[in-house]
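Input: one structure, supplied below.
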Amino acid sequence: MFKKVLVANRGEIAIRVLRACEERGIATVAVFSEADRSALHVRYANEAYCIGPAPSRESYLRMDRIIDVARKAGVDAIHPGYGFLSERAEFAAACAEAGITFIGPSPEAIEAMGDKITARETVRRRGVPLVPGSERGLRDEGLVAAAREIGFPIMIKAAAGGGGKGMRAVHDQGALVAAIGAARREAMAAFGNDEVYLEKLIANARHVEIQVLADSHGTTLSLNERECSIQRRHQKLIEEAPSVAVDEKLRKEMGQVAVAAAEAVGYVNAGTIEFLFDSKDNSYYFLEMNTRLQVEHPITELVTGIDIVKEQIAIAAGRKLRYKQADIIPNGWAIECRITAEDPYNNFMPSSGVVSYLKEPTGPGVRVESSLYEGMEISLFYDPMIAKLVVWGETRAEAILRMRRALNEYRIGGIRTSIPFHQEIMESTEFMWGTFDTGFLSRRRVGGMRPHLGEEEQLAAVVAAMLAHEEGRQATMHVGQADNGGKGEPVVGLWKQAGRMRAQRGRW
Amino acid sequence: MFKKVLVANRGEIAIRVLRACEERGIATVAVFSEADRSALHVRYANEAYCIGPAPSRESYLRMDRIIDVARKAGVDAIHPGYGFLSERAEFAAACAEAGITFIGPSPEAIEAMGDKITARETVRRRGVPLVPGSERGLRDEGLVAAAREIGFPIMIKAAAGGGGKGMRAVHDQGALVAAIGAARREAMAAFGNDEVYLEKLIANARHVEIQVLADSHGTTLSLNERECSIQRRHQKLIEEAPSVAVDEKLRKEMGQVAVAAAEAVGYVNAGTIEFLFDSKDNSYYFLEMNTRLQVEHPITELVTGIDIVKEQIAIAAGRKLRYKQADIIPNGWAIECRITAEDPYNNFMPSSGVVSYLKEPTGPGVRVESSLYEGMEISLFYDPMIAKLVVWGETRAEAILRMRRALNEYRIGGIRTSIPFHQEIMESTEFMWGTFDTGFLSRRRVGGMRPHLGEEEQLAAVVAAMLAHEEGRQATMHVGQADNGGKGEPVVGLWKQAGRMRAQRGRW
Amino acid sequence: MKYYVRVDNNEYEIEINGDIVLLNGEPVDVDLVRSGATELYSVLFGGRSHEMLVNADRFNYQINVRGVQLQVQVEDERARRLNRGRRLPTLPDGELAILAPIPGLVVRVLVGEGDSIEEGQPVILLEAMKMENELRAARAGIVKSVVATTGQRVEQNAPLIILE
Amino acid sequence: MKYYVRVDNNEYEIEINGDIVLLNGEPVDVDLVRSGATELYSVLFGGRSHEMLVNADRFNYQINVRGVQLQVQVEDERARRLNRGRRLPTLPDGELAILAPIPGLVVRVLVGEGDSIEEGQPVILLEAMKMENELRAARAGIVKSVVATTGQRVEQNAPLIILE
């Protein structure tokens, strides 16, 4: 087993991996950008080294610096987490050159699956069903022609893509060219490569994916499906396992197809096969394979009891899987809500600021994977996902009720978050019935208006008046307006107040 | 199902029950003493009412006030939690009179098991094995005589007892009378009844208990055993499930004996049969039945997947149990550490103060049941247990490693806690091998000396010097000593410092 | 003392005399305490328990209830008299500047001067965090002037479009 | 500037000149930042990461590392000169008062005047929180006087026994 592992990532996933290492008795090394000096993952690791300024391309994407730190710290393996360098074949290769184990698949496997078009061709040979689409390397005119052939509606996707970046749905000829432009811009910004391709858009399709684990001794297991249809702009927001749309027979069949797809590229370690799933006739089509740990891996852990990150480490260390396919029996139901620093009532605008108060949910069946701490500064340098709230229940109904309970407990002060959005979804009958698809959000325009709070709104008014009264703000108010329209001087007033109220044993 | 439930308790268990109610869609009512106005359970409930001053006997033990609140708030059931009124037959009766369901056993069952001596006689008739002991109502001379008969070492126990209060081990005639005195004093203080009795002390015995669930339709299930041998002065500190000492066959047999004991008093709802377990010959003896929810119930929940508190509510509402004995299959391993506000390096002296910083562990396999919040004032009015840290692992080894990980993450500022004690135990080979008994702690005098920290101690010295340097305290130091020997003016200095450092973006 | 409190577009009149609190003339039973943390308050409103996170900026309060952020403005009687007639930037009448909520790159301006637009209509495409974000009008109005230009880098709170 | 730092019974000499920090004469590489909360510090000590909770009371620091509470006293050169010879209440030599760590009821006094006692020897039985707690001597010494009496209610920090 490894003696020391470097985690080439930040945020909740870095902490997730550090925890797995600590629980395996492996020493840990974190890397951080100048913006992350006091981040949790830095404090959590046994060692931590700065690798550059805040922007990712100057720090978390700097392979050279990371490998340099790995060498100096004498680690024998690197875990890339998700995002950043996790799906860069050249990074996996660079690790190998440096004599360091990359905890993930081989560069060849990443390569083969990383290019979405090659991937489609590879798995097709193994009889994996595909959505009709365009071939590779087409310029705009070629794409327009291909679109006519495939027929609308169609989906534009980035060849180097992932995570929904550079994706666009187009419903008619007219909007096509503009959409291709936007998709190329996003793809270039996200992956430094603006190649895009087309796929037929399956209406009312679900996004169902299969988690696989493969060791270096020829065993590849399916850990069954995850339902990821609740998406906004092709970004997953809520995932659950199992899927209401998949029965035992289908689960077995899709699992076998997924294993075949993985074996098509001689895949080793943890990976995920994404399918487009058509509830109308239970047909499914290969979308892509993610050759890394997924954001939503915890829901699979909760229903299978298998610690996927620890298995990744064991596999990378050359261990045989301890399980047989027959041991993988789904137990209960798990749901994950992605907590992001975005304002659901302002078109999911990213929200920055300092986390001024934090109390995260806990208790039975609740798991929080979080990068949050009081005093944390949420910057706009990185992905807005700041935490994941995951629950387990004996049944789907219990899981939903538990998620509501946990969301109601979650307190994050100082920034806007997606929590009220998730509360809204957990209350929606469509979600409760499980009769949704990837079009769910666009149809119901969630988060458009904030819910009416009734008593709580009245109460907020009363509380504000009492605080103003207590503070004796009257005097300052006019002045405030006169001089600067009532802006400026935020916390200070409250601090003073805090002091005095504490003196009064917090009561009046 | 109930519409509204009152929780007649405080601290972590009140919150545990409130969560269960919320997850069942039941409205909740909390009661609180004047010391608990801003406690978590008050903020967590839908409604909250003050029932008197800080001392328990003027608030949490005031049946009249609690039932009065219940009537006014229109609740249809009351959950007593553990401690306080949970094992008072007259409270269960008073609820019934008020037409409110008591979520727990009948007053008769509480009565029958509440008096330890009656309990012994009742279960003996069902063939439940007992430890040899004295009969009831003996005065000191009688007890001395009985002790001679039973033979030393013996154990003194409070007839009205529970939770180790009023218990004393005596190894020879000489110490007997003094020990009886101390035991009676404690029993009187704790239960308002100073009757005690004697039991033969089984050397190197383990404490193994069986959780039972019984519905009002004649089904009584065993949820298998918990190992609770890690005790200090008969107070459980660490529990685990299953027990290393109990094999499948024994588990089945003890489960049947426990069910028989429960049925002996027509028991309905959740209860626990405590056994003294002798590893030498796998013999076990009935100690007592706790007719309430146990502190350590979560470890059973984690290995069985059954939510015991939700089952309590369903049973009280007249529902049939959804499980058969065959459905109860232990899965994995769970451990609980009781986090108390006590100083393990000062003879577990209770520690009071304000929780100035808090970060609780989370992530895979970790469950925290906590009453803590930043700014909370830990008073000496109530039990020093402030939180429970519970972990699940696929194996016992994984659970122990995960507990170490979680303990290392736990940050509680402003008070002393038992966390370092638990860290010490999790590192001890005796615990890892599982070869311990109830004498474990007294033998190894844990927490006697704090571990040597090496690098961290040096570092603490460096940090203190840097802070002193930064603060430019030199001037004030002499003055400080001259005038008041260096006492007084605590936080203020730090607040100022805080302000300035924040201005410097927390770095220098 | 009387206070006029606006939460979004609803206004409440609250009167406080010593321990007596009137909400729109009706007496209410409120017990308000801070719970440890500076901005966390526990409120018992006739026995019903609520938690609120409060951030104060002069007479503007941001109150977070169950994850929902409320904008609350308080005026006392005198402030009310003074403000009568005068336009506050936050009041729905008069001019309204659409500001950049985050630093970013203006990808496209979707409206022109003189356009009459609806509440919620997209007006600007702003790229931040590698995503294109639509800025929408907080209320209906006529575009008085377009400050932002395509391709421009804008700082947080930079005015982009002025409505009248 | 030189500092003499005592952690329990170990003393360290730390010298700080600008950015240079010497520990017992050896230069050390320390990066110290506050992480959000007032008393939480993150320390990188030659790349090794540590978290510390620090509470300062003048020149006494309570530092909590991995749940273990350390008592740290800092003196600078001048303070050291001044203190030389003088007895600080917290120093192990000279008189030592055993104080009640919590309010409670004195159940029994286990030692008498003139007794010579060991470090860690029980001296008083104090009942608090319905439990009898043994108070033990922090160090060996002779009992100079017994202040507490059986049955007496004592406040926190009330002196119970004086050692010399």
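Each chain gets a letter, A, B, C and D, in the order it is written, and its residues are counted from 1.
FYI, a residue touches a chain if its C-beta (ideal position, glycine included) is under 8 Å from a C-beta of that chain, and two chains touch if they have at least 3 such contacts.
Keep in mind the model is a prediction, meaning the values are calculated, not measured.
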Contact-graph separation of subunit B and subunit D, given in steps at minimum: 1
Interface with more contacting C-beta pairs, comparing A-C to B-C: A-C
Taking each chain's C-alpha mean as its centre, the one farthest from subunit A: D
Whole-Å gap separating subunit A and subunit B, where each centre is the average of the chain's CA atoms: 38
Inter-centroid spacing, subunit C versus subunit A (mean Cα positions, whole Å): 30
Centre-to-centre distance between subunit D and subunit A (centres being mean Cα positions), rounded to whole Å: 47
Per-residue multi-chain contacts in subunit D, two or more chains: 33-37, 48, 51
Contacts with two or more other chains, residues of subunit A listed in rising order: 37-38, 44, 373-375, 408, 506-507
In the complex with subunit D, residue positions of subunit A that touch it: 30, 37-38, 42-49, 73, 355, 373-376
Partner subunit B, residues of subunit C touching it in the complex: 31, 33-37, 42, 44, 47-49, 51
In the complex with subunit A, residue positions of subunit B that touch it: 15-16, 19-20, 22-25, 37-38, 44, 298, 301, 305-307, 331-332, 359-360, 362-370, 373-374, 394, 398, 401-402, 404-405, 408-409, 506-507
For the subunit C and subunit A complex, residues of the former touching the latter: 1, 3, 5, 7-8, 10, 12, 14, 16, 21, 23, 28, 30, 32-35, 37-41, 43, 45, 48, 50-61, 63-70, 72, 74-76, 78-79, 82-83, 88-89, 101-103, 107, 120, 127-136, 156
Of all residues in subunit A, those that touch subunit C in their complex: 165, 182, 185-186, 189-190, 233, 343, 345-350, 352, 356-357, 380, 382-384, 407-408, 410-414, 416-417, 419-420, 423, 448, 450-451, 453, 455-469, 471, 473-474, 476-478, 480-481, 485-491, 493-495, 497-498, 501-502, 506-508
